[in-house]
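Quick one: the structure is below, questions incoming.
A, B, C and D label the chains in the order they appear, each numbered from 1.
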């Protein structure tokens, strides 16, 4: 009962959808048709980006309303959401994960570390940015990127 | 009230009555158990009231009202207070695990049905057909009394037993004399108060109300 | 009779197949709204389905025929059940074969096929899911068959159309304790069979808590599409079965076109309502620990047994 | 003159020839032209012919032919009486068919100990006894054939005693249990014959009516205990999960598909036919025993990781289902509802047939696996579907029958059984009201567990990747074995799709048992017609619908899908190394949740011993975890008895000091004591 009352009082938390981003989607995204399953891969991030991804799929930004959903297996996924500089130990698993995804598939690099190793550039354990390991289709700069940015990137893929 | 409607309603009330007893075994949260017990009180009231209306016996209705007030109102209230006093929330480790006790309850119900068959044969009426339900609740209450650890579940088991007896009395003989019923209810009230005091004393002594701790009081 | 009946059967299969994703979409939408989110819209599962069909199917090295055929068998069983269960009309050409025990067995067959597929991959998660799923199924069987028993006592047969027709003509059976107990028992069983909360969490990402999802981690593209469609169809058919058994109003017992059409509309409404109610309830539930599930199933078994005995001793014989 | 008589004669003749061939032919033909294994081939052919003859005889009897023969000269005093009616015909046909297929299989299976002269000579005799036991028409000839069956099967069980010590232990268990059973049977039938004043079944039939209820009850209890132990009913099942795994696989197939059936036959023959039915408590006993062994057997099967042990326990489950049907039939007949009784009995008999078909197939497939890998332990098997596809496919057919799901043959009979119980509410009374729901629950639980069991057997044993080198090196079986299994698979398919063809035969068999309820199965579909009830199951329709559904779905998906299938992908390994076979679920881990759920029933034993490193007690060097699920009944029931017996034996040894005078002294004192006693009494 108390929970029901809370639900009634809270009402809708999700903010109104901002205008759709104008960038034209990468070719692989054409076939998806408004449905994107996302597999998130932490290639060595400091978990700042994870927190932002979490809130991007949370009630306030609600990336799910644009047809994006987090899934448990790369076999189910269309988009690999990669965060962090790729450490030496995660390079091979990252390649395997992307290889395990069925065509058509995209890789979205999230955060400065994923783009150019950011703070960790030149670290002894760092293999390099994501682009050195797997081909990247979309980039989301920021350290960490704001949830709006992540949602916007996903909306470019879903086209909604 | 038409015969068939009366039968339907009586069966429903009886079913609810039995179901409440089963749920007492099923649930672990003590607050939920108390709530279910109150629900059973309502079902008992419904049974008595239905019988009273059907046989146009208004004293029966009075008894029913009294029972409803006691079983669905006073006793649950007392138990809630006892619960609030003793900070326990869950029946953590019953002596017989929940799945097993549910299966036992099934067996007990079948037993009650088999035992009370001859009674029903005496004069098969809707009321007497529901008799096994009362008996089953008696058995389940006894079972609860045997297998549950927390003092409060013990109280509930005892009260289930009493509810069952009352239901049997109503269904078999459409109620006992008013005075007897009042006496019984008074006893029950007394018993609950005693048990409540016991609970507080136990908590004072052992810090919890696990009945097994009473072993330490032996000689 | 036959023309309309055949049309009704075909329509049942088509409607269930087409409506299952919509039902899932509706349930996700209800959940999203109660969580304060906007939700992806009712059509989202259909978009997912279309996309998955276009994607690349993958058969990993080391998997065998079971892995390939399981999705087909899952959908096929669901479709056959959709044809058998009188969702909209009891006067169909297949109604003679619509035996309740057969329906139950076909459901189990689909589950078994998927479990074998899970073991066929030879991955740890596949085996884990299969083992848990079979455990749940083994414990669910007694409840289902006892509920069937309870339902078939007043009708005197296990033939579904006969049971439902009987309940339409004698609504008192619906409100009888036996009927209600059987309804609760079957509802619990439906949750277990379709892997909903509190038995299994359909939207979990953590492999260790999975039952159904763990078996299908290897599927991709059209295979995955079929598996998901199969699961959604099972949910739809089971909700429809519950609706037909415990709210049979409006189901066509004759072969008049108007009655059948009305029945289809009512069927859609009933299932939508049931689904919305289930989704709303799931917001309040947490997933049970795996080894608390037997308690739940023992409880439902007890209810089914009480239903049988109640139909013996309350109504007399 | 029906075909039954000549067929029986032919069978006996072939058995003799086979036995002689087994004794006198050399094991191998020296020149390469003739078949390599001469003895095994000749014996196999003779046995197969014997089986065919038995099948013909049984089929003729099912068709309504009756045949009987009295051979006074063959046996001193009593002579041998044979009679074939529809009931015995059914069991003869089942035994004959199983023998036929298994004998073909056995030609290729021969190897290890099974080529030995003795084994090959005994095999045809065992087969003959299987076929003839149902035809026995007098106490003496029944007991004779029964004992012949027991002894020959014992020899066959011991065939591989040189390979494994466990075989001898199993042999001892089997010998003791089966002969205790024989003693009970002897006592019961002797009492029966004494009271009825004659030993031929006709006399017994006539005399049964005049017996006192106590006598009838005693006879039934004794006899049914004996038959129950032969059928592997809990708690008399202890020999079954030992003997079946240790016997050569084609022998286990014969025992599990043909021999245990005779336990059910015995109960039906004595309980219904000879004693002419009995009070309710007999049948409650039978039904209760059936329900308990159905659930307990399949639960143990779920825990077993030895493939043949698993199949053995599943046998005890299926016979339990048969006994549930028989018991229900008895109850209904006692309540005077012949139609329901006929339905229940027909369901039980049909389940006997179905179980024979799929269990023989499963044991033969297990034998092929054993022959190809030398392994019975599911935890070490796996990946066989790639190495031996035909065997895997045949095992799948058998498993489909065993899980009681459509379109398998087991489903048909279990459906019929459930119908008979569900419609049993037409019989008023408290007993039915309490027993029937519980029986339905027991059947349902055993069906659900059976699904788990055979998913485990198939998925762990044949799918995934090989977990040992032997499994990886497995090769497909020779054609004769595949042919034998093919016959059985064809039988399963026929029973699954058109069970109706057996309809008339089954109702004749039920009628021969004295339960006349009219025919229940008709045509391709099963139609249950009772007073106010009619329910239909048409397996053919269900199978066709499923096939059509699968084809339609695959066609549609092919139509709309755009991309080609990728087949070279690695398994999803969570990005780590490729998953090894050690990561795959084993049978033990598969059964673990069930084992936890039924912890109180199974009482598993587990011990963890932690060995710390020498320097410090806090640093652990090695942790050893062990868990086994013993047969609880065996532990609680048999171990104490055995311990007491051996204790008594030890005590008795002290009497035997070894001095001859002592022994003579025993005799002398015994004699004197006897004389004294006599004088005192007079």
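The criterion applied here is as follows: contacts are C-beta pairs under 8 Å (C-beta built on N, C-alpha and C of every residue); 3 or more make two chains touch, one makes a residue touch a chain.
This structure is a prediction, so every number in the text was calculated from the model and none was measured.
Chains touching both chain A and chain D: C. Using the average of C-alpha coordinates as each chain's centre, A ends up farthest from chain D. Just count the C-beta contacts per chain pair and the biggest one is C-D.
Chain centres here are Cα means. That of chain A falls 57 Å from that of chain B.
Rounded to whole angstrom, the centroid-to-centroid distance between chain C and chain D, based on C-alpha atoms, equals 36 Å. Separating the centre of chain B from that of chain D, both taken as means of CA atoms, is a distance of 49 Å. Chain B has residues 97, 110, 113 in contact with two or more other chains. Among the residues of chain D, those touching two or more other chains are numbered 433-434, 563, 566, 569-570, 572-573.
Of all residues in chain C, those touching 2 or more other chains are 54-58, 217-218, 221, 294, 301, 305, 309, 312-313, listed in ascending order. Annotation, chain-chain contacts: A-C, A-D, B-C, B-D, C-D (touch as defined at the top).
Residues 3-4, 7, 10-14, 17, 31-35, 37, 59, 62, 64-67, 69-73, 75-76, 78, 101-104 of chain A touch chain C in their complex.
On the chain B side of its complex with chain D, the touching residues are 97, 100, 110, 113-114, 117.
Per the touch definition, chain C reaches chain A in the complex via residues 32-41, 44, 47-48, 50-51, 54-58, 204-207, 210, 213, 217-221, 224, 283-284. The touching residues of chain D, counted against chain C in their complex, run 302, 382-383, 385-386, 403-406, 411, 415, 418-419, 422-423, 425, 428, 433-434, 437, 440-441, 443-445, 447-449, 451-452, 455-456, 458-460, 463-465, 532-538, 541-542, 545-546, 549-550, 552-554, 557, 560-573, 579, 581, 583-585, 589-594, 596-597. Every residue of chain C that touches chain D in the complex is listed here, in rising order: 53-66, 69, 72-73, 75-77, 79-80, 83, 94, 96-97, 99, 101-102, 105-106, 108-109, 112, 115-116, 118-124, 126-128, 130-132, 134-135, 137-142, 144-146, 148-149, 152-153, 156-159, 217-218, 221-222, 225-226, 290-291, 294, 301, 305, 308-309, 312-313, 317.
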